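In this document, chain identifiers A, B, C and D correspond to the written order of the chains, with residue numbering beginning at 1 in each.
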Amino acid sequence: MRAVAEISDPIHGYFYLSSVEKDIVDSPLFQRLRRIRQLASAYLTYPSAQHTRFEHSLGAMHLAGYAGNVLKDKEYVSSDDVQMLRLAALLHDIGHGPFSHLFEEVLEVKSNITHEDIGRMIIRKSAISDILAKHGYRADEISDLAFGQSSRMFLNEIISGGLSVDLMDYLQRDAYFTGAHYGRIDAERIISSLEVYDGRLAIDRAALNSFESLLIARYQMFKAVYFHKTVRAAEVMLLKAMMLADGHLHLSESYKRVEDYMRLTDDMTLANLLMLKVDVNNNNDKDDSNIKELRLAKRLAEDYRDRRLFKSVFESILQASSRLINRLTDARYLKDRCDEIAGIAGVDPDMVYIDSAKAPSIPRAPGKEEPRDLILVGKEPFRVKRIELKDIPLISSILGYMNMIRVYTIEEHREKVAKAALSVFGSEAESWYERIAV
Amino acid sequence: MRAVAEISDPIHGYFYLSSVEKDIVDSPLFQRLRRIRQLASAYLTYPSAQHTRFEHSLGAMHLAGYAGNVLKDKEYVSSDDVQMLRLAALLHDIGHGPFSHLFEEVLEVKSNITHEDIGRMIIRKSAISDILAKHGYRADEISDLAFGQSSRMFLNEIISGGLSVDLMDYLQRDAYFTGAHYGRIDAERIISSLEVYDGRLAIDRAALNSFESLLIARYQMFKAVYFHKTVRAAEVMLLKAMMLADGHLHLSESYKRVEDYMRLTDDMTLANLLMLKVDVNNNNDKDDSNIKELRLAKRLAEDYRDRRLFKSVFESILQASSRLINRLTDARYLKDRCDEIAGIAGVDPDMVYIDSAKAPSIPRAPGKEEPRDLILVGKEPFRVKRIELKDIPLISSILGYMNMIRVYTIEEHREKVAKAALSVFGSEAESWYERIAV
Amino acid sequence: MRAVAEISDPIHGYFYLSSVEKDIVDSPLFQRLRRIRQLASAYLTYPSAQHTRFEHSLGAMHLAGYAGNVLKDKEYVSSDDVQMLRLAALLHDIGHGPFSHLFEEVLEVKSNITHEDIGRMIIRKSAISDILAKHGYRADEISDLAFGQSSRMFLNEIISGGLSVDLMDYLQRDAYFTGAHYGRIDAERIISSLEVYDGRLAIDRAALNSFESLLIARYQMFKAVYFHKTVRAAEVMLLKAMMLADGHLHLSESYKRVEDYMRLTDDMTLANLLMLKVDVNNNNDKDDSNIKELRLAKRLAEDYRDRRLFKSVFESILQASSRLINRLTDARYLKDRCDEIAGIAGVDPDMVYIDSAKAPSIPRAPGKEEPRDLILVGKEPFRVKRIELKDIPLISSILGYMNMIRVYTIEEHREKVAKAALSVFGSEAESWYERIAV
Amino acid sequence: MRAVAEISDPIHGYFYLSSVEKDIVDSPLFQRLRRIRQLASAYLTYPSAQHTRFEHSLGAMHLAGYAGNVLKDKEYVSSDDVQMLRLAALLHDIGHGPFSHLFEEVLEVKSNITHEDIGRMIIRKSAISDILAKHGYRADEISDLAFGQSSRMFLNEIISGGLSVDLMDYLQRDAYFTGAHYGRIDAERIISSLEVYDGRLAIDRAALNSFESLLIARYQMFKAVYFHKTVRAAEVMLLKAMMLADGHLHLSESYKRVEDYMRLTDDMTLANLLMLKVDVNNNNDKDDSNIKELRLAKRLAEDYRDRRLFKSVFESILQASSRLINRLTDARYLKDRCDEIAGIAGVDPDMVYIDSAKAPSIPRAPGKEEPRDLILVGKEPFRVKRIELKDIPLISSILGYMNMIRVYTIEEHREKVAKAALSVFGSEAESWYERIAV
């Protein structure tokens, strides 16, 4: 790989771009990632968290090159594989829309499509594919690698999952830019220990402590940052606003034309919400209920912009055994509880929001299945060992623990809704730990 | 001071807001600073430099509180002075427009007004003044403190100048977010050593090494970041685009209505430039030369967005003794040289840009005069000593060294313009050091 | 507190000594701590771990002052209490002998005395007590505070236990000097959140994440550093050498005269072991078995000095439920297993060493009892909550997990002893995790 | 290079030893460096500065491997050269005696020999040469490389001088362990930019800023640490004690037998000084003046151990133009001034010590000559440029500025000697900056 450009990065220091990488990075489709923050709304809580998918993608590329070279030195892959891994990591987030995962929720509900589907489209059918072709790379191969569909499973695992460069870059980066103390990990230790066994990615036994730390760091970042109650408050507001305005702004259909999608950055989407026309006479949409929805969307966007955020009045971090867990994805159930709480509190149901978030405690493997084990390579006589994650004490304790439910409302209804939420959910949130942040 | 909100910051850790501070921070005028990057366009060169005036203002406030408490413990100021210092630091950048200093250049040329003038207006006549009044503070007093007009000179010096919290925050912050190695300073050492002598801010002798380092760090940050040739390339483009489009977009008059000014964030200003109507039939401005200017402005904005930046083909860092120095601010002279170079190179003069930047090697004192000395407080028998900056070896070597001139052009004219620039400026840029980055 | 001297420390930056503190620090008894490494033999594995009890004691003092001031601001303690807390933290390790905990094992076996007993003696009856008295402090009060015997339990808890400044200093310091990635904690967050409830130390709920991290960091430091197999190998050798030579060198009686004890630094003790006279004609001790023991002690010391360390051939990290756990402190049982392994392997029993280490997964409270809960102070309606440690997921997973047993031998017997150890202990070390490092 | 052992280092992270390196590191001669502190007595001022020549030698070896690989990738050297460079860096300090440069002063005065001479002996005629030979390396070649006598000048320059791994390791390491803020440098930037031109080491132009910072960092470390008045106070005491006791302890002849030299660690040498027999009846040396000298040596050692350090009563940092500069190495002149000051002050001349230190502001090149220029490699049209150091502003300002003279005495004579020193030296130390630290 010949370096044609240099990147200076606070996380990884100096690193370099090859010719094909530079062409991709300089393309408008990729430059657009500079305007999509890595952590959507976390900057409203952690003011310095202004970092974007752009820097993260570069960092993931760099780590993929590092991992690739480790595997090349151990003769598992070729130089060409390393370049393809770097390209896959560089492009793994190319499909992300404004506010990343929030927009993805809109897409999923409205169009049943994910950022990975869009990423595949962009890699295969856009200026990106032309650049890849010009440099002799096949867009479909890069796309398969980027989204877990390579036939060599261990290559997929470098891009996503518990040993992935994605995880190792974002934990460090998010910790650095939020200032949270939890995301420090020993990526060098883990990556330099990578091995391949039976087609799967493995690590040297000596790196097990570091792997343990990696998963613990992720768990703590979820609690401190990704699921932070104020961070989620802002995100719930944006999500609701985008949902309400989608019929009008056609956000969920934007992916159909790359030119439209390219324009959808965080701030442009917020600007669109803020500029919604909600005056009856000044709006083509004469339907009253629509106008009401647009008004709410606009108001939410204004409150978001000026940081008048929802207040959390009930919170439960659910044990794996909680009865609630299965219902966290049941939209009907959540809608009913929302109405019930609003009814008890005597407030407009639009002013009560239930946020139920789940995240696998261990990152999903490339094929989305839940990972159960880890392969360790060591010295004789136990050269290779498949270890169940549940047998590693610290990790066993977090398996299944990343479910959370919160009730939000606006400042003025705080007390009423708090009481109502407690009466509706309280009996199911029994252990003290579950109610810790109320 | 009772803490009513907490800030988590990667530079200073946790710190707190008082009630009046929280009200100001939560106001839309202040939240707007989240959308004005601290380093305008540096993020195009240092991808992580996405930090904004918002975080910097909070950081400066925190350091002002620290400095204030040091002086309070030494009985130079009261608790109330400390709160006022914090407010002044919090608001010292409130007048900044999009792309900070770039916009200021437009303002100065077109309206002869500075960000400090606008800051004064905002503090005295906007929602900010109401908040201050509500909490019992006088807007004019805070404004005076924020912009170097307090009758107590040492208080002004805490806000701006070589010992200021402004400098100590931005150097650390810019280094952290760019990843540049130069901005690390020992702010704790300097601030804890602050004294007042004869109405001026002084430091303990033991902190002289740290002060020396502070100024060296600033000098190195100028060379590595603020004056970086690619950073400046992007800024030159933006500046030119704003200048060209000002008659149409009325940027330089936006300060006259707070509501307009509030909307002028970095990305919104860029969006305005990108959306310029330059189709003759689709534009009210029928004047051909105007249309041509708008087209160029739009093209520059597009190139900026997609990172097709100007290339530096000539660079000179000027010695204090250089004949060129006095002409760096002579617009006529620069325009003529620009035309001369374009003529020799045989290219459109609009494709040749001369960037001449000067910065005082030592930050200006609050009253804008060049600082010449430093007061050191020590033990007997030499209790207080006024030391000339030119007598401190490292510092003497940088006095007067922050002048720089560059010639930029677009990629395709690179070679031709390089030769022309050398023939025009070469004889005056004689020492090797001056041409180092050509 | 008036500062009379300044300390520059890589962990805590600059901090200051009061007059009484400076007198103590400058006394030969305290300066002696500069020659007792914080981590006995870890520097043979982590070369930079050369830090001593001296720096740690200063750091603990500084944090005690910080904690004290937090409690003073919340009106739980007086200024005088803060000074006493600082003195107690400064002196909490004053009783440590060479190689810290290793020497303590010799003391306990041979003289049934601990470093705390010696610390009490030194504080109450030495130059230290004179210094305290001269400055108006009562030695017995400081001694009580330093060793968990103050009547105000929460003060004891600042010095030792899970919220202590001892823990918060040593984790950070050990991580910094070893370069291990695990000891980074948010001490500022925890200390600034300290409260007192019902006579006990408590924290604000918002600091629970940080407390969790603190205990996890400690657990990981045990695995990576304190219980590292090579670190322990060196320590086992030293311990054995000191035990064998004790009758001759009278180490375990040295505490009886302060002058003798003062001379017992790490390197002086090693020098004494290296200079043992083991020539029959040149030794007053005509008893053959004694000579044999001294020879072994001397050889161990030489091997230690030249880093010819024992090799670990069997390792088991024991689950709480393991049958072995109760026998880890049964000297008879361990001696028998040692002989059994040597017999099977056909080697001299002196060449087989069983190292069984236990550490409470949560630091002992001042009164040595195992801590079971934590008091959290929050907002209404759940203002104060006593939370069981076992109800905090991450922490529950490490409760009871710090037991470890290893078999060591010399390089040449490696294979034989490995097989013998596996045949003796293998069936009891069943889960894979237990045998991870074999 | 096959890795056979791993090092964990706080400065450089993990790195590895080859087989020959491991054998050298494990040899008693090399392990001995663990007992020679990098900064002799700085730990009495910066308590954490306990790091030793051992860690520094490993770090320098690691950086030499990095530099070697950069040059190998650019095809200037072979793999074998890289291994030899690593060995040379590993062994460049092997000849250092107790308290490093202090002992060297004794050696130079008494035996006219340097640590490099001893290093050459050890590499060529000791267990080290056997290890080198066993692995197929020629001791004389490694010795030449280690001490600047390779015929390839650029290889010498990697080991010592302004671009050397020695400098880049010690600045970072000393800053890390003292906690001083000045030693942070961008070694990665400089090393990755290394080139060879005309047989000399060169750097890429883009690394010039980093090189500038490197030299500034060194200058600031001299002022803040290496020449710190309390650091030097301790060193002056030790030096005097060793000089006085040399006839009795034969320190300066110890190098003649490797076995003797090996035992001469910092603490053992101090112990020898502390155990000097100074009782007339109990000493073979019946000469009264000798006894008096030994008493003083012993007292100095005791004061050193208990940190009763000399006080600086006069200090001058000399401008290049000062008349004093030429006399800084004139022992006769200094002795006379010492007596003169003692006479005026009316104190025993043994209680007055003049410390005159000089250090080249830029590290000496391997052949000891003063470096005057730097070769920069860039892009066309100015591919290679030899730049005079005096033409780089910051660097020009420090050329020639590292001369310092101080007068020390004991606490009780402080005032008298201060006045006397001022009357003797005052008129020659005219500029304020020269007397800054009085």
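We take it that a residue touches a chain if its C-beta (ideal position, glycine included) is under 8 Å from a C-beta of that chain, and two chains touch if they have at least 3 such contacts.
In UniProt terms, the chains line up like this: A, B, C, D = HD domain-containing protein.
What you see is a predicted model, and the numbers here were worked out from it, not measured in a lab.
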When A-B and B-C are ranked by contacting C-beta pairs, first place goes to A-B
Taking each chain's centre as the mean of its C-alpha atoms, give the chain farthest from chain A.
-> D
Approximate Å spacing (C-alpha centroids) for the pair chain B, chain D | 42
From the C-alpha centre of chain A to that of chain B, how far is it in Å?
-> 35
How many Å are there between the centre of chain B and the centre of chain C, using C-alpha atoms for each centre?
-> 52
Mind pulling the chain B residues that touch 2 or more other chains?
-> 13, 189
Touching chain B in the complex, chain D uses residues 181-182, 184-186, 189, 205, 208-210, 212-213, 216, 219-220, 223-224, 376, 382, 385, 387, 391-394, 396-398, 401, 431-433, 435-438
Within their complex, chain C touches chain B through residues 13-14, 188-189, 192
Chain A residues touching chain B in their complex are 7-11, 13, 26-28, 31, 34-35, 43, 45-48, 50-52, 54-55, 58, 176-180, 265, 267-268, 271, 305-308
